[in-house]
Each structure stands twice: as C-alpha cells, then as structure tokens.
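Next come two complexes, and both contain chain A; in the first it sits with chain B, in the second with chain C.
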Partner chain A sequence: MPQFDLVANTQLLVSGLAIGSIYALVALGFVLIYNAVGVVNFAQGEFVMFPSYVAATFLLPAVTVFGAVVHWQLPLVAVYLLVIVVMVGFGLLFNRIAYYPLRDRGWLPVVISTIGVSIFLRNAAQLVWGSQPLVIPGLFPVDTVTVGPLHIRPQDLAIIGVTSLLIAFQYVLFERTTLGKQMRATAQDRATARLIGVRVGRIVAITFVYSALLGTISGLLVAPLFTVTKEMGALIALKAFAASIVGGFGSIPGAIVGGLAIGVVETFGGFYISSAYTDAIAFVILIAVLLVKPSGLFGERVAEKA
Partner chain B sequence: MKLDRKNFLAATGAAATTAVVGFPAIVGAAAEPILLGSIPPITGSNALLGQQQHQGIALAVEEINARPGKVYDDRPFTIVEEDATNDNQSAVAALNKLLGENVVAIVCPVLSTQIQAMAPVMKTHEIPWMTGGTAVKNMQLGVPGAFRLRASDAITAAGMTNFAVKDLKGKKIAILHASDAFGVGGADQVVENLKKANLTPVVNLQYPKDAKDYTAEILKVKQAGADVLIMYIQNPSDTAIILKQIKSLGLGIPIVGSPSLANQTAMETAGKDANGAYAAVDFIVGFNSNVATHFLTAFYRKYHQLPDVGTGSGWVYDAVYMLADTYKKQKSSDPKQTIASLRGIKNWNGVLGTFSADGEGNMIHSVSIGQIEDSKLHLVKKVNG
Partner chain C sequence: MTAANSPRARGALAVALLVVVVALVPAFVHSDYVLNLCGVAGIYAIAVMGLGILLGFTGQMSLAQAAFFGIGAYTSGWFTVNLGWPVWPAMGLAVVLSALVGLAVVYPCLRLSGHYLALATIGFGIITQLVLINWKSVTNGSDGMTGIPAPQIGSFAFDTYGRYYYVVLVALLVCAYIAWRIKTTRVGRALEAIRENEIAARATGIDATRYKIIAFVLAGAYAGLAGSLLAHDTKFLSPDSYSFDQSVVFLVMLVVGGSSSIGGAILGAVLLTFLPEVLRPLKTSYIMVYGAAVVVMVIFMPRGLAGLLTVLRARFVRGAPPGSGVAIPVAPGVEPA
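Take a look at the complex of A and B:
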C-alpha cells in the first residue's frame, strides 16, 4: 500500500470531488425525473454526451459533421448559450417523444423507451460526428496550476465550484419559488398536485428540461478533461445511477452525497487499494450500503413515505 | 425486308440462337467477384479503430478494382463486412454470420481479445485469417491459416523495454496498461524483458475498461519514484486522455508507449501533451518507401485526413494487397492454396515494411522507436526482432 502523502492526498481529494460532482449532477437528473414521473431515465448519460458534441461542433476550428468539415469556431460564451437553448428543446422533445405518449401505459414501456432513445442517440452521434474523439477547451487558458509540489487542474476546481452553485440554486428553486414548490408537489403526489391546480404535464416537461440542463452542464464541464466521445455519458451515468441508489433513490441530498462519496472513494481506492478495481469499488460501496440500509443513506422507508 | 411468316420465323430463330449462344458470353463478361470478409469494430468504444480498418480496406479494394484485370481475370473484390462491436460475443456472432457468406478470406478485428474469443470458430475453417492483433498468444491458438501482419508484442515489448533501459537509462520502470488481452499480454512481455535486464517494475498498474480519470494511477507512478513510464494501451482515446492527465499532474518522466500511442488520432487528440513521448511502432516512420508514400497520399486524397498506419488502416491495406497479389500469382482464390502461398511469403513490400512469414504466421519482425512532436512521429531508431 502506498505511504501517506499529503500532496498526493490533496490531489486525490480534488480529483475525487470533481468526478464525484459530475456523478452528483447526473444522479440529480435521475432522481428529478424519477420523482416526477416514477421511472428511471436510462438516456441520462446521453444528456451528457449530446450537448458536448453540439458544443464541440460550434467551438472547434474544424469538425466533421455528416462527412463534411464545418468551421464555426464561435466564442465560448455564445456556444454555451446556444447549447443551453438546444438542450431546452431537446428536453421538451424527449418528454414529448419518449415519455408523453406512454405516460398512461405504466413504468416499463417508458423505461424501454428511454433505453431506445439512449441507443438511438449513441448511434446517431457516430453517424453525425464519426468516431474521432473531440477535445473542447475548458473554462481556463491553462490546464494546470502548480503550487509548490501540488498540481491542480483549474477545470477540477470549476467542476466543484459550479456544482456547489447549482446545488445552492436548486435549494432556492425548490424551497423559495412557486415553480419549485409545484415541482416538489408533482414529485410527491401527481394526482393531488393536479387537484390543487398544478399543471402537472407542464411541470413534468420542465423537469425533463431541467434534467437535460444538468446533463448539459456536466458534459460541458467534463468534456475538456475526458474528450467528447459517443460513449462518454454511459459510464458516468452508470456510476451516477449507483450514486443515486447509495444516497437513497428519490432523495436529492442522497444523490449529491452519493455522487461525491463514490467519486472520492473510487479515486482514493484506486490509489490505496488497486486501480484495477476502481469500478468494482463503486459497486462494492453500493452493495455494502444496501445491505446495511436498503433504502440508501437518505432514503425513506416505504412505510414512512406512505 | 418484308416481314412475312417465313422471315419472321427466321428472324426469331436467329434472335433466339444469339440469345442462347451469346448470353453466357455476356454473363461471363461480368467476372465473379471474390468475396472478402472483414470484421471491424464499427460501433462501441473501439469504433475509431473499426473506422480506420474499414477505411484502409475500402481504399485498397477501390484501387485494386480500378486497375486493369482487377484482382485477376477481371474478378473484382467485394467486401462483406460485419460489425465486431465492442465485446467478444458480438465478434463471434459477426464471424459466424460472415462464414455463412462464402467468403474466401477474412480480415479480423485488430483487438487481440476478440481474436482470442473467435479462435475456437476460426480453428474449424481453413481459410486465410489476416490479423493485426499483437498479443503473443494470438498465433499460438492452433488456428490454421492465421497470419499476423503486425509485429508481435514479444518484439514490440522487447524494443520498448530495451529503449527504456539502454537508451533512456531507466532504472525504475513503471508500467501502466489496459485490462484487455492486449494490455495484459503486453505488460507481461515488458516484465519478462525487464527481468532479462535484472529489473522489476516499481509499479505495474492496470486500469479498468472505459476508465476516464487516471489520477490515482499517475500519482502512484509519481510516488513510486519511477524514472520511465511504459504504457501498453490499445484504445487511442484512452491513450490521449492519459497523456493529457500525465501532463496536468506534472509527471515529468519519459514515456514509452505501445503502437497506439502513435495512433494518428491519439496524437492529434492529445495535442501538445503528447510532445516528447516515445512510441514503438511496427511500420517504417514517414515516407520511407514507395508503397508507404502512395498509401499516405492516396488515403489523404480519399479521406482528407492522415491515416493511422499501424493499429488502424495500414495493416489492413497491406492484408488486402497481399491477398490480391497471391490470388493473381496463383490465378485462384482457393483458400487452402492461398494459405500455402502466404506461408511462403518472403520479402513482400507493404506499407508497414517488408513481410516474411515465419512458422507461426508472423510476418513483421522489426519495430521502430519514434518520438512525437506536434502530432507527428519522428524516427529515433529501428529495432530488429
């Protein structure tokens, strides 16, 4: 086992919190949609991948789209705004195509529908953008900041910072605004929410859009580190799904804590135990938590919820 | 001419005779195509390698079919392609489907893990298997007709290790490798070669498939005080991300990588973060032969991008041309006859260099060490196996 090293541990912590933040954001997307419509959205990883490709298309000097090379190279802020607009439309379309027509057919057809969309989007990405990985620039002009022996990626700090801000924003949204209260009411009991005048269909659509935007932010933050590929969202989504179960499926604080915990533990585990078992560590945590507390860290027992 | 009954019957009879006699001649004009199988990983996380394989084969077939006489006797190549995707089961399923199409030879996926999974089926069919997977074990699976058009990891790993120890004066060697057959087999070869130099790796790290964050691995290499890092990785995207993270975490030691480190996509994706890294490649670096020069220019003209010579497009281009030359020489595409001819290949010039078959079916017996600068590989030295 490697010896204790303060510098290495600091770098591991920053890296673990950064990747954990991404898991947390994607896990939040899972939880919000689950709470709103009672199904797991298996296309959540593609909510990370698709906006990253859109961003790459408009950011990079040359990108091959449908076999033709395009040269947009728009400014970063303009591209971020454009991607957000595209993903608002994407969220609405996803709701309209993958969920809305099946909303009265039970949970299984909707889950199958999200799996279908996931496969479709991954294959579509390959057809549109090809197999070449794309590298988009991060928020900072330098890749590393060196402080003595410590090498920190500013993008890691940006991921942690943006995630913290989003969590704060979400708290204000859910606790202090009418829209947030309507979203919470819809999540708790759709029928009752409808009875008290909440336009449930609209709130569900807004939830899909919000979830798509969480994926968008994750993608834009993580793509400069991991490159843009059609598979980029799949593993993140798998870990995020595990994180949301560890935290207690349906629990917003649980998704955040679960995401951060898996990110930090797998990074430290890779260093102190073995890097070969990084993925296994996340799932060992999952099984251990479920054995001790089957409802997850922040999950309510069914009897309590009822 | 007056069209009475007699003339009508005569004309009809003549037309019918012409049709009966002439029809086989017309059919004969379109010579029967030679069906060549190919199983690239077109989808999944190795789709990039699959795309490069597809492009290399398509270019070779296009050129051969455009030349006078095509392959031989005006017979063109027709490619029958099945997707190996990203897993072994799909590769085996694709292979079984392809075997039902009466192909006379198959260009296998470049991934050693898929070749090893396909081996039990390959053993039962005596046709030429043109492979590019470099794991040593691939040629020891008892598959009749298996040929490897790239250097075995035994040669590559020996070249990498010797370069790390003798040229870079490495005393504390770290190894980072993928968890697939290629990565594990290659790392084992490096360990064996280090033993010959009385060294053991200070760390030998395996990362899981599709990992994206390598902080733990890089920090372990750093903490172990390694003076050279040897990387055995197939996936160009993984390679590029690792190179970027190595740079950002300040691991300032020389890197010696397996051929995919010099994959064109890996070099371009890593950009400046790949500068200074060394790679062992099983082809002649640069425009060093007429065949390589023609391939590089023709590929760029067709696809508007530089090819990946080693792991991607080059070896399959060679495979198709080698088969075409063999069929032309023997005036037949008979699989058994072709296997016998390929076993006798000596000093055949291709994109990757000079090919000569040994008893196991290995055809390339040397590697070059190159250094990356601005997404280009510059020759440092040649190493013979």
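Take a look at the complex of A and C:
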C-alpha cells in the first residue's frame, strides 16, 4: 500500500477542478441550448476552438494566416474584447444558419446541420491557420508557483476563479433579471412563453450567443494549458456532454457538478490507474450513471424525454 | 391489366435493371481508383443500411456504428492473420461477434432514447476505439494490422478491385434484400410503430423491447459485415478508421440519403463517398466544402435524396402517384414545442 501523499493529491485535485471547470462551462453551453431549443449542439467544441484561434492571432507576435505571416499583436485586454465581439456575431450567425431554417423540423436535422457546421469550422481553421499547433500565453507570466510544498499552476486557479464568478453571474442573470426570466420561460415551454409576450426567436438567438461566449471563455482559459489546434474542442465537448448527462440533462447545477466530478475523477484516474485510458474514464462514468440512474444526479425528468 | 403492369412488378423490373447496370460497371470502368471507391461506397452503404434499420425504421439513435464496423474489421483481420483462418468463416464470425456485442450494448440502452441513447452509444464508441489503440497484443495498437488476405473461391482470388467489387455487390444486395423484407413485413411495421410512438405501440401488443433488441443486433451485424469487407479490401487496419467521426459520417450519409429508405441509405453512402473525391481539386478546403454541403443538403432536402427523387418522379413521370413511398419523416423522435 503506497503512502498517501497529501501534496500530490492536493495538486491533482486543483488540476482536476480546473479541467472540470472547463467541462462545466462547456456543459452549461450545451444545457442552455438544449433547454431553449430541444437540440444538442454538436458544434459546441468549435465554440471553444474558434475563439482560441482568433485570440492566438492577436496575442502572438507572429502568426501565419492564409500562408502569410502577420504581426497583429495587441494588448491582452483588447484581444479579449475583440474575441468577445467576434463571438457575439458568431453566435448570431450560427443560430441563423444551423438552427433557424430547421427550427420546425425536429431534432435530427438540426443535429446533422450542427455536425456539418462543426466539420466546416474545423477545416476552415486548418485552411486559415494551418495545421501547426499554436501556443498562447496565459494570464500569468509563470507556469507554476510554489506555495509551501505545493507546485500549483496559477492558470488552474484562474480557471477555477473565473468559473465561480461566471456561475454567480449566471445565477443573478437567471434569478434577478427580466432577460434571465424570459430565458427560463422559453426553456420551460416555448409556446406559453410566446403567449405571455416573450419574443422567443430573440431569446433563442441570445441563448446561442451566451452559449458561444461560455465556449469563448473556456477556450481562452484552457488554451494556454494545451495548444490551439483544430481538434482542441472536440474531446472537451464530448466530455462536457457526458458531464451534462451525469449531472442530469437539462439541469444547470447538474452540468456544473457533473463537469467538476468528471474533471476530478479523470485526473485522479489518469494518475493512479492508467494514463492511456484517461479519455475513457469520462465515458465509463457516463455509462455507469446511465445504467444506475439514467436521469443523472440532479435530473428530474425521465430518461425517455429526449 | 396484366400483372406485369402492376406497380410492384414495375418496381421489381426497375431494381433488376439497376442491378444489371451496376454489375456491368467493372466492364466499362477500368480505373482501379474508381473501382476501389465504388467498392468502398458499397461497403459504407451496408453499414449505413444497418443504421437505417435502427434509426430510420425504429427511431433509435446510434453513434456507435463505427465501433461495430471496427469490431467486424479486427475480428476478420485477427482470425485470418493470426490463426490463418480462411476469409469466409472469418467474415461470418465478424458478423456474429458484432451482433453479439450489439446485444450486449443494447441492454443498458433499452431505457434510453433520443439524445441519451446517442450519448451512451458515443461513450461505447469512444471506449471501443481506445481499446483498439491500447490493446496492443491483439490489435497491434496505432501501428495497425497488415497482411490481411483477399477472399477466394477454390483457386480464384478476389484480389483485384474489379473482382472484389462483385464480393461487395453480392453482400450489398443480400443486405438490401433482408432490409427490404424486414421493412415490408410484420417486423418492419412493428419497428415503425415503435418509431412513431413507443407507448402506443406497446399498448397495441407490440413487444417493443424485443423489437428494439432485434434492430440493435441487426445494426451491429450489418456494420460488422461492412467492417470485415473493408478489412479484406484494404488489407490494412488502423484504429483511426473507427473513430467517433466515422460514426458521424455514417449518420450523415443516412440522413442525407433519406433515413428510412433503403435506396436512400445506398444513395447517401455513394454520394458522400464520392463527394470528397470530386471536391479534391479544392485541395485543403475540400472537407470544409463538404461540411457546408451537408448543411445545405439538410436544409434544402427535408426527406433526403430518396425524398428528392420521389418528388422529381412525381413531377416528371406520368402516372407516378405524388408522394408514393415518400411518407417518411426524416426526424424520428419528439418535435420541439
């Protein structure tokens, strides 16, 4: 029996919570869109990938765009603002192209069109930025800081902090503002929401934009830990999807808890069990949850609702 | 009126003519590249048809079709390369094993439908691919498996693209016939009832659980056969070919073709196998255009290629009833409110 190593385990916990926060943010994006329009967005990963590339273009001193080297480096704050503006437009356009023309056709055509957009975006990214991975700087100049015996990545702490703030913001938005109440009403029952004067089409568009911004923030936070590639969003999105089922699909607290749980279990499992199967852990948890309690940890509706 | 004029006889005649034309392709096409693509398209069509039985007929979503495809391919590869089995029994075993895995996967999934089912099957697909990559003693990991033999009858080996084309064609016809028999008999009507409304189907005495199991097992078996056929075609296996993305490709082929039409499944597979090749002059941007084309097709062809053909037929062929054989919703499952 190996000695229980408090330091190593604390470090694992921090990393696990950080990557779990990313899953939670992306899972929230899934759940909000699902609640608003009844469809799972398979391009959610590209909501993470695309803004990371846009940020990289303006954060790095030299980037290859369409085969030409450009020097468009801007200050960090300016880049973040720019990316947010771009992604608001992106969310509106995505709603208009991938969802709106198919809104009366059931869920499968919408799923296929989000898959089509996802294929398009990944390969558009390769066309524009090439296949070389880009490395973007984090919020801090150093990779790790030493606190007593602990070596902690400050970026991990930033991820956990920003995610907590966002969750608090979202709580206020949904519980205290008219816009949030309209979003909840739309999610609950679109027909009734429309009857009481909610402009459902506009709320749906806002939901897509909000979901795109959640993806943006997770991309900007996680990209410094990995690299920016056209595939970076795909696995994050699948695990976030698993997280939202584990938590109970459609449930906002479920998405957060599910994301954190998968991040932590996966980090510990990768360390103690097998690093080759790290990526399988999320899905093993998922299948176990589906077997034991298909409605998830916080699910209220039955699994047959789909 | 004689029987030869009945719609059914005319349909059979049309199918027979089509089969003859398709069977003559190697006589006129001598490019190995094109013949190989035709073979691959036929193989994909079998896997897509299997998904069609599950999603199109029964309304059960699966994004694990590539996993069964991989299980079939690796079974065939392993038994022929490592144990020296002849190809035909290995193919049979590939079908049986994929069907059995389908049976094992269906049980936990019986309570699920729609997005939940999609998710559970994605999980199964990803785990399968990770096993293919990491179970090196059997699968040889990322290096893949080489030296898979071509099938032969007596001393006649199906070792050219032109010859292998016929192996695929026969398999495709058998699979299409089975799918057609299922669709037009009691089983097919039961599956359709489950797709339209499972609770109502149960209320009328249909054993929905049993029929869902049948649909899953058939989907697994079709994909397993397709995987095995591909293994003996390319003679090389790599775990990359059995990813989540491949499952998505099968799903897109089905929906673009027309999800509950057998001809649609074949058309979708053929079109989307050739589309990237046609787009290849666009170099690096061809997959991007492919993605955009998928969105456009879903928006503008609500019933897929099969539906489009029926509409065209109703417009241009005199006497063809409008909408004959069309009444197929592309989207099984719940409409948004």
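Simple rule for what comes next: the second predicted complex is superposed on the first by the 297 of 306 C-alpha atoms of A that agree within 3 Å, B and C clash if a C-alpha of one lies under 4 Å from a C-alpha of the other, contacts with A are read in each partner's own complex, and residues count from 1 in each chain.
Rule of thumb we're sticking to: a residue touches a chain if its C-beta (ideal position, glycine included) is under 8 Å from a C-beta of that chain, and two chains touch if they have at least 3 such contacts.
Nothing here was measured: the structure is a model prediction, and the numbers come from that model.
Superposition of the two structures on chain A leads chain B and chain C into a clash. In the overlay built on the shared chain, the residue A:T177 is in contact with neither chain B nor chain C. When the two complexes are superposed, the chain touching more residues of chain A, out of chain B and chain C, is C. In the superposition on chain A, A:T146 makes contact with chain B only, while chain C stays out of contact range.
Within the superposed three-chain model, A:Y277 lies in touch with chain B and with chain C [touch as defined at top]. In the superposed pair of complexes, A:Q73 makes contact with neither chain B nor chain C.
By the touch criterion defined above, A:L290 lies against chain C but remains apart from chain B after alignment on the C-alpha atoms of chain A. Using the contact criterion defined above for the overlaid structures, shared-chain residue A:S164 touches neither chain B nor chain C, since it reaches no partner. Residue contacts after overlaying the shared chain place A:P133 against chain B, while chain C stays out of touching range. When the two structures are aligned on the shared chain, A:N123 is found in touch with chain B and with chain C. Here chain B runs into chain C after the superposition, and of 59-67, 113-121, 167-175 or 203-211 the stretch doing so is 113-121.
When both complexes are aligned on chain A by C-alpha atoms, chain A residues 123, 126, 276-277, 279-280 touch chain B in the first and chain C in the second. The residues of chain C lying in touch with chain A in their complex are 61, 108-109, 111-120, 122-124, 126-127, 130, 133-134, 244, 248, 251-252, 255-256, 259, 284-285, 287-288, 290-295, 298-299, 302, 329-337. The residues of chain A lying in touch with chain C in their complex are 34, 37-40, 42, 97-98, 101-109, 111-113, 115-124, 126-127, 189-191, 238, 241-242, 245, 249, 276-277, 279-280, 283-284, 286-287, 290-291, 294, 303-306. Only residues 2-3, 5, 8, 11-12, 15-16, 19, 69, 123, 126, 130-133, 135, 143-144, 146, 151, 153, 225-227, 229-232, 234-236, 267-271, 274-280 of chain A touch chain B when the two sit together in their complex. Taken together, the chain B residues at the contact with chain A in this complex read 43-45, 47-48, 50-51, 179, 205-208, 210-217, 219-220, 222-224, 236-237, 240-241, 244-245, 247-250, 265, 269, 271, 273, 304.
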